[in-house]
Every structure is written in C-alpha cells, then in structure tokens.
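Pasting the structures here.
In the two complexes that follow, chain A is the common piece, with chain B as its partner first and chain C second.
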Partner chain A sequence: MSAFLTYLLNGLAVGCAIALIASGLVVIHRVTGVVNFAQGTFAVVAGLCMSSLLGLGLPHGASEVAAVLAATVAGLLTGLAAIGKPGVTPLSSLIVTLGVGVLAYAVEIVLWGDQPRSAPGLAGSVTVAGARIQTQYLLVIAVTALTFVALALFFGRTYLGKALTACASNPYAARVVGIDVRRMGLLAFALGGLLGGIAGVLVTPMRPISFDTDVTLIVNAFAAAVFGALTRPVVTLAGALVLGVAETMAAGYGYGSHQLEIALGLMIVVMIVQASRRTAISQEST
Partner chain B sequence: MIDVRALVVSYGAATALEHVTLSVGKGEMVALLGPNGAGKSTLANTLAGLLKPASGTVEVGGRLALIPEGRQLFPDLSVEDNLMLGGWRSGERDPSFVYELLPRLAEIRRRRAGVLSGGEQQMVAFGRALMSRPSVLVVDELSLGLAPNVVTDLAEHLAALNRSQGLTVLLIEQNARLAFDLCGRAYVLESSRIVAEGDCAELAEDPKVAGAYLGGAIT
Partner chain C sequence: MIKLVAGALVAAVTLALPAVLDDSALAVYILLGLAAMVTVGVSLLMGYAGQVSLGQGAFYAVGAYTAALLALNGVPPIAGLVAAPVVAAVFALVIGVPLLRLRGHHLAFATLAMQLILLSLAGQLEFTGGDIGLQGIPQFGVGSFEFGSAAAYAYMTWAGLALVMLVTHNVITSRPGRALRALATSETAAASSGIPVGPYKLVVFALSAAFAGLAGGIYCFYTGYVAPGSFPVLISIQYIVMAVVGGLGTIWGAVVGAGAITLLVQGLDQLASLPGMPSYAPSVLSYAVYALVLIVVVLFLPHGLVPAIAGRLSRQRNDPPVETR
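Let's look at the complex of A and B:
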C-alpha cells in the first residue's frame, strides 16, 4: 500500500510538471490559435540555463529566476518568429515553431553540448501516510498548484488577462475595441515561455535534461493539452495528472520501458470515452 | 468629423471600394444605404482603422467607435467585461454611465454575452462602443436580425445621444425606413461606388432609391 501511495504522489508530481508545459501550450493556443511545438524547448532552455548558472556559483533562487527569465525571452523570440509578421496563418506559425525547435537543438548543442545535465534541487524526503516522497516532488506539486491559481486569477480577474481572453474569443472584436492582437499574441508566447521555464527548473533536479528532452516533454504535454481541447487549463491539468500517475505506476510496477506507451494508451481510452459521452449528450439534447 | 475622399480599398485583386467620397459633419447623423456586398462594412472597417486604403484619404476628427455588423461580442466574457474592454482605448473602466443610459445592461451585467438575446447583444455592443467615449460612432447594421420594438428602442437611444451630446453618427443600414427616420442626409453605395447622395427626404422621392430600398415608395 505504501508503495502504491509513493507511486501515486510521485506520479502527481510528474503530472504537475507535464501540466505546467501543457498550460503554456493552452495559453498560446487560446490567444493565437497556434499549436506551439517549441513549448518543450522552453523547459529545456530553463533547465540547461539553471544547471550552468548553479555550476558558475550563482545561488539557488537567483539561478532559477534567471533560467525562467531566459525561457520567457525564448518564448517571446519564438512568438516573434511565429506570429511577428501580420497575416501569417496558425498552420504556418505551427511549422515555424517546429523550425524554432530544430534550430534550438543546434544552439543548445553549441552552448551546452549533447550530454544530459542535471542540477540539485531540494534535498531530503518526507513520509506521508507511510509513503516516502522526495521534497523536490512536493515542491513541484506546490508550485504547480500556485501557478494554476495565479493563472486563473490573471485570466479571470485582471484587465490584461481579460484582454487576452478577448483576443482568443473574438480577434476581430478585439481589434475593433483597439486591442493590439499581435502584441497580445506575443505576450501569450512570453507567458508560455515562462510556464515552460518554471517546468524546466522544477524538472531538472528530478531527471537529467539534454537538448532533445523536449520531445518527451512535448508529447506528454500535447496529449494533456488535447485532453483539455487546447483551451481548458483545468481539464488539461487533470489530463496531465492522469498521464503522470499512469507513467509512474507503470514504471513502479515493472513496465518502465513501456511507461510512455501505457500512459498515452490510457489517455486515448479516456478521450474516446469522453468523446462518446459528449456525442450521447448532444444526441439527447437534439 | 468624417471626411473620406476618393477612397479605394482592395482585397487582393478584388476592389471593395472604388473612389468613394463621403463626409459627415460634426453632430450630424448620416445614413449609408446599400445592398449586401456593396462595400458598406469595408468602409466601416476602414474608418475604424482595421483596413488600409489602397489610395485616397480618410480623416476622422476625434475618437471613432464602431458597432460592427453582427454585434461581435466576446461571448465567453460577461456583459460587464465586454463593456470594460470597450474602454481599452479611452482608459474608461467604470461602466456606470452606460448602465444609466441602458439600465437593462446593469441587470444582466454578470451574464455571459454569448447567451444573451440578439437585442441584448446589440445593446451590449452599443454600450461597449460608448465606453470608448467616442465623438464619432459608426453603426454597422443596427437593425439586423432584431425585433422591431428592439430596433425602435436602440434607435431612440442613438437619436438621444446625438441630440444631447452632439455625437456624430454614420448609420450603415439596409433598413432605409429606419435610416431615413433617423438621419438628415444619406449616401447610397452600390457595387463599391456611391451612386446617390442627398437629403433623406429627397432620396425617398427618387424612384430608383424608393424602388430599391423602400419597396416602391415611402409612406
């Protein structure tokens, strides 16, 4: 039972990290309509920056903040490349983000090499109901919870957040009232970079990061974001937690080499059930 | 307040407006009539700065607000949020003056705009435009898809604002009776060009205009 609880808590932490990256995908897609395939890159940039800065002797806290800022700048630059030119379609922008991801590989290899890097996180562990969980994993869960609350407050209560929602809701109307939709899109990309960066600095102490780790990160995050229809952050969080727990359980019970396939398979089953329920409800209402 | 001269607007190879010249004086209410596809909304969007002219000039004295065709609200946001975003340019965040003018909006301010009736949505679009504290208002199809009593109510509000605050109005309409009732002058836009202009009373007597827009003759 304690092993199950350990896997569950660890899985929730892994799911939270996925949720942070997925929430960046959702924010960018909601505002711009673009699926940003460079989202995993932001986490990698933050993780690699943090490991370098800590290696240079910068203290914890400052290193993490600087790394997240670097990821935010990476997000903004990706936004400039993807939607900077007026009139670019979301599909073209998607291709640009793929290109940015590939370009980022080259830059990362030049700057950090091709070997995985790690960084120390919070040391120690705590015991919860007989289950042992590393303090870093609890930190990931706490930061994710705070981030999602902050996002909900930002989009639900602030004028700027509502303007971003307005751009997603009706870009033409947003322009009619004078909102610069392109600038809001760039802000969304920067926010996506920030969220990816937070994920990166939290994940790096849990698992080594290399230039191509973005593939694993984006596959999981994309599955969670699609689960939330690329627009609903809370459903995305739920999807990410299911993925994280499924992966960790699979690894814990001896199926480590197939954990990703098992988790994604489970996600597909959940989505099919979800879609069939929606179809049934819509048929009943007509 | 609005001065448009030899305006040409194109969508790629297609020309939507050809050498359109039009003016609306300060405090005046002027109608722009025309069938679907004539270029009326293109003109509205150009006046609002959303489209760039290929040639010609557009001058607007003061802040212009557009009530676009089809209301174009933010359906996921509340009525109050829609109104507040209307103040994006002006910095106006307090919609209480809009609630005084349109008390119904105060009653439904917490409801999502997407679930409102057509009349209520048009009222929100009207209030949202007023939040920018405009001196010029361009109304694109005020009456489209609305019940006659709702149209009458909104038209009265528009006329009252014009009288009391000197709001300059360009009313883009297919409903010529409504436009002629509200406005002093009118332009007729067909196939991208202005084909008639003048006092509403004179235009109503014009057999071509009356035949096309008033079902034969004004009553």
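Let's look at the complex of A and C:
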C-alpha cells in the first residue's frame, strides 16, 4: 500500500513537470496556431543553465531564476524565427521550430558537452501516510499548482492575458480592436519559454538532463496536451497527471522498459479518438 | 530536346561515377542514392498528398530488418531485397488505417511516436538482436554471383533510385496523381468531387514506405549489420530537410535536395575532422547545418531549390521578371 502511495505521489510529480511543458505548448498553440516542437528544448536549456550556474557557485534561487530567464529568452528567439516573418503557415512554423530544436542541439553541445548533467535540488524526504517521498517531488507539485493558479489569474484577470485570449479565439476580431496579434504571438512564445524553463529547473534534480532529452519531454508533453485538444489547459493538466502516474506505476511494477511505449500508445489512441469525433471540414477550417 | 540531352547526360555521369570513385567516395555516393530514394517518397507524401511524416526512418528500419532477418535465416538475398519494400508497405498499410485519420501536426507527432515505439521494441526484442542489432549479414548476390565491391552496390542503389523515380513519375502524371494534388489542397473539396480520399492517402503512404523499405534493404546488405542506433529520429528529420530543400512535390527536387545535404554534411565532416578541431565538432556542425538550412529554406525559399531555380531560368528566357511576393 505504501509502495502504491509512493508511486502515486512520484507519478504526480512527474506528471506536474510534463504539465508545465505541455501548458507552454497549449499557450503557444492557442495564440498562434503553431505546435512548438522546440518546447522541450526550453526545459533542457533551463536545466543545463541551472547546473552550470550552481557549479559556478551561485546560490540556489538566483541560479533557478537566471535559468528560467534564459529559457524565456530562448522562447522569444524561437518565436521570432517561427512567426516573425509574415505569411508563414502554422505547419511551416512547426517545421521551423523543429529546425530551432536541432539548432539548439548544436549550441548545447558546444556550451555543455554531450554528457548528461544533473543539479542538486531539495535534499531529504518526508513520510506521508507511510510512504516516503523526496522533498524535491513535493516542491515540484507545489510549484506547478502555484504556476497554474498564476496562469489562471493572468488569463482571467489581467488586460494582457485577456488580449492573448482574444487572439486565441478570433485573431481577426482581435486585430480590429487594435491588438497587435504578432506581438501577442511573440509574448506567447516567451511565456512558453518561461513555463518550459520552470519545468526544466524542477526536473533536473529528479533526473539528469542531456541535450537530447528534449525528444522525450516534448513527446510526453504533446501527449498530455492532446488530451485537451491542444487548447484547454486544465484538461492538459489532468492528462499530464494521468500520464505521469501511469508511467511511474508501469516503471514501479516492473514494466519500466515499456514506459515510453505506454505514453506514446496512449497519445496515438487519444488523438485517433478525437479525430474520429470531428468532421473533416471543422479540421480544415481551424 | 534539351530535356532529353540533359537526361542522357545525367544518366551517363551516374553510370560512370562508380567506376572512377574510390571506396570512401563510393560510400558517400551509395548513401546519397539511398537518401534520395527515401526522400522521393517523402516528397511525394508531403508535396502531393499533403501529409507530414516524421517517421519515415521507421520504414527504412523495417526494410533493413526484414532483409537482414531473411538473409540471416538462409533465404536468398534477392528474395530479402524484394521482401523489404513489400513488408514496409504492408506495415504502412496496417498502421496507416488508424494514423491517417490524423492531419497536420497530429500526424507528424503520431508518426514520430511510431518510430520511437518501433526503435524501442527493436532494442528489446530477442529476434531483432536487441540494442546490438543483427550482424554478419551475407553479401548480396543472385545465384552464384556475389556482390564483392562497393561499385556493385552503387549500381544497385542507383538502379533502385531510377525505379523509384520512374514509379513516382508515373503516379504523378496519372489520374490518381491529379486526385492527390486535389486532396492536398482540400480534402473536403476533393471528396465532394468523387475522389476516394482515404484509400488514396493510404496508398501513397504505403508507396512512400515501400521506397524507404527498399532503401533500407539495400543499406543492410551494403553495411552488413543493422541496429536500432542506425535509425535515430534525426534520420527522419533529415529526409524532411532534404525534401523541403529540394522542393516538395518535385521528383528531381528530392534527388537534388538529398545530394546537396549529403555533400554539404560530408564536406563539413571532413572539415570537422581536421586536426585541431574539438571532438564534438562533427556532430555540432551537422546539427547546425540541418537546422539552419531547414529554417532558411522554409522561411525564404518555401518552394525549394529546384522550383526556385527553374522559375528564375524560365523567367529570364521568356519575359521580364514578375514581381512576386
């Protein structure tokens, strides 16, 4: 029983990290219609930055914030490449973000080498109802909860957030009332970088990060975002938690080598079920 | 007339090259031909059927493993080589039925996921040899004649490429080819004109898989071993880069794109292995080149190299340049 609870809590923490990356994917897709393939890269950049900064002797806190800022800048640059030029279709932008992700490989190898890097997080563990769980995992869950609350407040209560939502629901109408859709798109990319950065900073102490970790991260995040049809953050959060728990349970009960297949198989099934519920016309018009 | 002469010239140079190249240059020549074979399929799928596949490397792998397994179990190599594209196409038909309900980025991710699953399985299963893969694949041969030299493989590769290009050409210029172009623009409009959208997409998907499978089959006989590490996700991205660079939906574009990228990466590899360069230089340079070429071409040459050059030439010859946006 306590093993089950441990797996459940660990799974929730893994799911939270996926949810953060996936929410970045959702924010960018809602506003710009682009699926950002480089979303996992932001997490990798933040994780690697953090490990370097901590290695240089910067205190905790400052390193994390700097790393998240670096990821935000990476997000903004990706946005400039993907949607900076007018008249590029979302599918072309997807291919551009793919290119940005590969370009990031080159930069990351030059700066950090090709070996996995780790960083110390919160030490120690607590016992919850007979289940031992590392403090870092609790931290991940807490930060994710806070981030989602902040996101909800940002989109629901601030002028900027409302403008972003306006671009998401009807870009033409948003332009008519004087919202610069392209600037909002860039803002969405920066926000996506920020969210990916937070995820990277939280994940690096749980598992070592190397330059090509981004494929696993983006595939998991996309699988989670697919639950919410790439537009609904709350469903995405639920999807990510289900995914994280399912993967951790699979690993815990001895199917660890099939972790990836489970996530990917689940994603394909969900996408096909969703696609069969929509008509071709509604898919082509969006 | 010009087309005929150019075609004959290209054929002559293609046939003459294996005789004059040394072994290391021949290796590049063979890999170039194999890459072009897969890229023609990608170009057909993306340019004509409008479907993005990020998992073309999976079909390459299926072809290679099929041929390797058959050859290792004593089946004549020629049967293995025939089986490679067939099995890849059947595999594509089976997974295509559910996957092709997806569109755009959904399909891109689903095909990527398919490749990751396949690689993971190949790395774990007994009969595929796990992470080590399959080794000691016999040389290709027909009857008692055995392929001993790289030049023989070069001829086989380029004969395969010629076959692939011929099939593609015939598909494109046929009635189904026009139907494909229609469904790439709008599936709804195509369906309402009486085009069987689903079956057509499936057939093109299977055809592109067969091309990749054939290339995979030749690859396994040439190198003598296959392992999951030979088919990374990057290889699928590489085919996209080649197809986009050359120009989607053009047969020659795929060949030119594959050639340009292969030679560029090869040249940079030589540069990176010069003394004094850091050990990570080859991978960094090739990643950077793939990425930059892909981004620049998608943004500034959206139709690719071949259509852009052809357009410029015909404009120079005929009328004053038209300002296009």
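Just so we're on the same page, the second predicted complex is superposed on the first by the 262 of 286 C-alpha atoms of A that agree within 3 Å, B and C clash if a C-alpha of one lies under 4 Å from a C-alpha of the other, contacts with A are read in each partner's own complex, and residues count from 1 in each chain.
What we mean here is this: contacts are C-beta pairs under 8 Å (C-beta built on N, C-alpha and C of every residue); 3 or more make two chains touch, one makes a residue touch a chain.
Predicted, not measured: the structure shown is a model, and the values here were computed from it.
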item	value
Chain B versus chain C as contact partner of A:Lys162, first or second or both or neither	first
Residue contacts with chain A in the superposition, chain B compared against chain C	C
Which of chain B and chain C A:Arg232 touches, first, second, both or neither	neither
Touched partner set for A:Gly113, first chain B, second chain C, both or neither	second
Partner chain(s) touched by A:Val102 [first = chain B, second = chain C, both, neither]	second
Which of chain B and chain C A:Val219 touches, first, second, both or neither	second
Touching partner for A:His60 - first (chain B), second (chain C), both, neither	neither
Touched partner set for A:Arg132, first chain B, second chain C, both or neither	neither
First (chain B), second (chain C), both or neither touched by A:Leu260	second
Residues on chain A lying within both footprints (that of chain B and that of chain C)	none
List of chain C residues in touch with chain A within their complex	52, 98-99, 101-106, 108-110, 112-114, 116-117, 120-121, 124, 186-188, 191, 233-234, 237, 240, 244, 280, 283-285, 287-288, 290-292, 294-295, 298-299, 302, 325
Residues of chain A touching chain B in the complex	159, 162-163, 165-166, 168-170, 172-179
Chain A to chain C touching residues, read off their complex	35, 81, 85, 87-88, 90-92, 94-96, 98-103, 105-106, 109-110, 113-114, 215, 219, 222, 226, 257-258, 260-261, 264-265, 267-268, 271-272, 275-276, 280-281, 283-284
Footprint of chain A on chain B - complex, ascending	48, 50, 66, 68, 72-77, 81, 84-86, 88-89, 93, 128, 132
